[in-house]
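The same subunit A turns up in both complexes below, where it pairs with subunit B and then with subunit C.
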Partner chain A sequence: MEFGPHLMLAMLEGLVQASVLTLTALGLSLVFGVMRVVNVAHGEFFMLGAVLAWWVTTMLGGNPAIGFVVALVVAPLLVGLMAAAADWLVLRRVEYDPERTIVATIGLLYIIQQVTLMTYGPDAHPVTPPFNTRLALPWYEFTDQGFQIYWPWGLSITSYKLFVIAAAIVTCLGLWLLMARSKIGLILRATQLDSETAQAFGIPVERVFALVFGMGAALAALGAVLVVPIQQAHYLMGGDPLLLSFIVVIIGGLGSLRGTVVAAVLIGMSDGIISVFFTPTLAKMLATLLVAMVLVYRPQGLFGAKPA
Partner chain B sequence: MAKKTFPTRRKILTGMAAAGAASALPDVTRFAQAGSHSAPIKIGFQVHRTGIGAAYGRWYERTTMAATKVINDAGGINGRPVEIVAEDDGTDPKRGAEVLEKFANQHGCDIAYGTLFSHVVIGSAPRAAELKMPYFVVSEGHHVASGMLNRYTLQPGITDVKSQVQAMAPFVASNLGKKVTMIFPDFAFGHNHRDFFSAAIEAQGGEVVAKLAIPPTETSFTKYFPQIPRETEVIYHVMVGPSVLTFVKEMGEFFGPSAPQIFGFIDSLEAVDFATPGLEFLEGTHFWEGMPRYAQADQTDYDKFYRAQVGVDENGASVDDPKDISTYAHMFACWETLFTIKDGMEAAGYTGPQDRTKLIEAVEAITDMPESNEHPQGAKLFNGKTHQVFGPQYISKVEGGKLVVQHTTSLEDGFYPDEVDYTTQSF
Partner chain C sequence: MTRALTLHLGLIALLFALQFALPAYHHGNLARIMVMATFAMGYNIMFGYTGLLSLGHAMFFAAGMYGMGLAVTQLGMPVGPAFLMGIAAAFALSLIVGLLALRTIGVAFMIVTLMFSQTIFLTILYFGAITRGDEGFGIKQATRQIMGLDLSDPTIRYFAAWLLFSLTLLATLWLVRSPLGRVLIAIRENEERAKMLGYDTWRAKLAAVLMSGTVSGAAGAAYGVLFGYVGASFAQVPYSIFPLLWVLLGGAGTVIGPFIGALFMFYLIDLSSGVTDAYMLVVGVALVLLTLFAPKGMMGMVRERWLKWLP
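Up next is the complex of A and B:
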């Protein structure tokens, strides 16, 4: 493949990856920002979203589009409820102590993963996309006859992948509106700034925490529902999103939603482009190197506020 | 005082064990009549129940249980029943070696058997030699016949990759094209494909124009495909792991209507339904099959018998669930390996672990395996020096969403000079 079409394909693939990564990382960042909890089980909530999407579409049968739309609503909701319950039953009991929450969420990781293995089984299952048309993309060249449009071999995307990108953008806008313009957003931001003072002003911080933990998990689940028609649901699929989300959140600045989005696009795109032109291993190595650099030279992340 | 009237926990447990043993008695007596040693022969079964090999593991286990039932119904081995001790290795080499230790030290198994994924075989085989435990693998990798492993490791059920691809190359070069791009998983098994198919296609006057190595845990594949050169006439694909379906689908999306010829190893779609949306583009493409998934027009009685015993319908799916597709092209090797173990144990007059080396020598002495209920995949030749079996291979074409056999290779197509003589190694 020539350089131009090759780069375009790499960027498109990178954008799809970045979209899913943005949603997953936003969930992790939101939870850390408001609750100061490092959620190691975040990748498993992602996996649960994918598995529940498979479960819902299989139970409903019939037209894949209907099943998918239902899964898009039900899977994040169920995962969110489960996460809120985990917050209520576990994290609240260890008083959100940083060390103990890390250990507790590691425990959650294994419980969720192994229960999925015992119930859903070790196989990967596909979810049929609601629509999936291959769209061949044109490219241009300058020949003796001047400017010409042609259709390079392999340069294509599917309508569903475009939908994933669009859905991620819409979700990000929705989250921004929620945080910046709604009363819930005000309460969340108040809790993030200073939870003790917020409590003094009558904000039910414990309930806010359960809500935030649920929302964070639901965002990861939403990302998974979007990606599962492209990939497949598998009980071990939570590992990579967790690692990448941590990379994104550290680079973007823990708790900074704007930084998370920028870093997710940066990492997703560079991962896509480096994977296409070099190897996926090199992409992961460079991302991890970037994390090390950020931690050494700018520990608060690219957009994080300096600790007071 | 009152306490004494209650049985202790230990007593209850002993009682339960006795009751359990008594209920199992009728089964034991059947074998006791056949010979003096009625204790079961324990075969440690290293099975990929979880991890990336789970789809294979599930069917390897069903096949193993079906073969064991056939063996036991016919009186067992040397008059003793066969007991399968299955342990999950998580498709993980480290765990694989630990499982072998459990077989030897905890379960008191006579032999170990059943591993598929080549990295687990390579990780476990040295431990088998240290434990002096015969280790019958069902893995396809060339690592047995290459001399990389040891005298305790044998592969009498399935042809190795080197032989398979050597038998495929003439068909690919003369029917599909000479400029081949290979896509394979980036671990030992895939490297066997890379090395031996490259050599085999060059011997046919063809060439490999690009080699795409993909990690077996990868979940998204489109990013690899732009490396396929435009001059490619044939795509040669072989993929393993939980994402094989995604791999094949994305390949179809990448090529669209202008795909080159496609030749795949069925590994890329083992346990996957050909009717899955997104696979329509495979119509007219070719696949290697170790054994034809769909019952062919000229199906043998042996295949009928084997299918019925394992519980597979004529489409290669479970008779209980048409959506549960088997790993039909590979799992026959479990069946055949168990019957070879039986033949070996009978020839060696195997009575217990002290006869393990006799068992290995007896299996090494086996040569011809005629096509039969015990060897339903086809007649085979076992090479005792390299511990590797050679069988026929099938090339099928997708027609109407089903695989139809186009060509069956002969044993000679897959022969190559010996690279090791394990029989000269000491035990």
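Up next is the complex of A and C:
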């Protein structure tokens, strides 16, 4: 393939990765923004979403579309409930102290991961996509006959991948509507601004925190259900999304949802493009180092405002 | 002072005597535990005494290990000087990491150390041609000699681990009673107040990172020499979590705690790996239970209840 179509293909693949990353990172960002704690177990909630999606589709059998739609609802819901329970049983009792929360969520990480290993097993399992039509894409060239459109071999995307991108956009819009227009959003924003004052105004802050922690995990699980027909479900799959979400949330500015979306698209796309043209280890190495440097020199993130 | 000194010298004497009493299996385990306890004591200087929670100490352990290992395989050094090379590598890394990471505080500090450590791990993988990547490489038994002593011999290995452990234990005991140690504790309790009293807290924190990283690196280099293996798995996230867990379990900010924590955790994992492959589950449950019910750890509770003088 020539360079132009190859780059186009890399960008499309990057966009699919970016969509899933946006959802996962939004979950982490929401939890950090409202609760001011870092959830190290976030990647494991992502993994749980994927494993539950496999479990639901396998249990139902039959038409893959039905199983997938059920998984799309059931997996995030179950994961969200589990996360809310973990919040209620553990994080609430260490009073959301930032350091103790990190240690506790590291513990949760290993518990979730190892229980999955014991029950689901060490193998990766695929989920059949509900629909998967290959759509060829056109490219153009200038020949002596002038401008021409043609269909290069290999330049294509599946309808399912387009659906992933669309689903991510819809979810982002939904989350924005929830935060900006609804009563729950108002409560969440009030808690984010000042949880003590919010409590004084009668907002049940503890319950809000459990809800937010559950929502954050559910967003990660939703991203995982969307990605699992492309990438198989495996008990160690939580590591990369966790690291990438960290990177996105830091670059986007800790606690800023808008910054998170911008950074997720940027990083998901560049990760997709870089890994097509460079070796993945070098790409990961440079990205990790770069982000550590951003945190050292611009702790408010690239898009965040400097604190007064 | 005398009570504390007696207790710690007593532990050292006990470990020396156990060399002659233990069956072979536990003898080998204890040598390993003493090296790992040295790693944990290094971690404790930063986390327990200065209040800096690092999530990337595997990088210092790996720097010591690879500094030693590569000096042997690439430069053809004998293990004695190579061990010093490992310590030098860990010192250099902790200087760089300290200068950069100490610009951040709190949660950002934890994430920065985590990411630096991940970068080191990926660097080891990237230069797979000389580090042999995930697979790692062995240090040949013939080269593991210092002054005619064969370090792969169980008795000499135990003695070497005991020596490293004892020196670190006594050095930590001295440190926490020195003026610098007092400043570190003051920073842990209230950095603003320490600053107001006129202490240069930034320099004290840098000193803590240097000591912590170098001791952890010495443990890594010793592990490579004594057990004859250098591998990338020691640079991965679990080896940053283990020292945190040992210190938390034994009691952060106690001199003896890291050893107690490493001892208990080692045997807990050893017992559970007989039952299931998913032995990291024990680590997870221990971390959650500790944060919930015993944030001060075992020795921290002993100090609170009975031995107020425990350093």
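To be clear about the criterion, the second predicted complex is superposed on the first by the 299 of 308 C-alpha atoms of A that agree within 3 Å, B and C clash if a C-alpha of one lies under 4 Å from a C-alpha of the other, contacts with A are read in each partner's own complex, and residues count from 1 in each chain.
Definition applied: a residue touches a chain if its C-beta (ideal position, glycine included) is under 8 Å from a C-beta of that chain, and two chains touch if they have at least 3 such contacts.
Just so you know, these numbers come straight off a predicted model, no measurement behind them.
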Clash or fit, subunit B versus subunit C on superposed subunit A: fit
Subunit B versus subunit C as contact partner of A:Val103, first or second or both or neither: second
Computed vertex angle (subunit A) for partners subunit B and subunit C, CA, steps of 10°: 60
First (subunit B), second (subunit C), both or neither touched by A:Val70: neither
Touched partner set for A:Ala136, first subunit B, second subunit C, both or neither: first
Which superposed partner A:Val94 touches (first subunit B, second subunit C, both, neither): second
Contacts of A:Leu162 with subunit B and subunit C, given as first, second, both or neither: neither
Partner chain(s) touched by A:Met11 [first = subunit B, second = subunit C, both, neither]: neither
Touching partner for A:Leu178 - first (subunit B), second (subunit C), both, neither: neither
First, second, both or neither for A:Ile230, with subunit B first and subunit C second: first
Which of subunit B and subunit C A:Ile250 touches, first, second, both or neither: second
Minimal inter-chain CA distance - subunit C and subunit B, angstrom: 5
Common interface residues of subunit A - those touching subunit B in one complex and subunit C in the other: 117, 281
Parts of subunit A lying in touch with subunit C, wherever the complex brings them together: 38, 90, 93-94, 98-100, 102-104, 106-115, 117-118, 243, 246, 250, 281-282, 284-285, 288-289, 291-293, 295-297, 299
Residues of subunit C touching subunit A in the complex: 53, 55, 100-101, 103-104, 106-108, 110-112, 115-116, 118-119, 122-123, 125-126, 241, 244, 248, 276-281, 283-292, 295
Residues of subunit B that touch subunit A when the two form their complex: 49-52, 54-55, 57-58, 215, 218-220, 222-228, 230, 242-243, 245-246, 253-256, 258, 271, 276-278
Residues of subunit A touching subunit B in the complex: 1, 6, 9-10, 13, 17, 64, 117, 121-124, 126, 128, 132, 134, 136, 153-154, 156, 158, 230-232, 234, 236-237, 240, 272, 275-276, 280-281
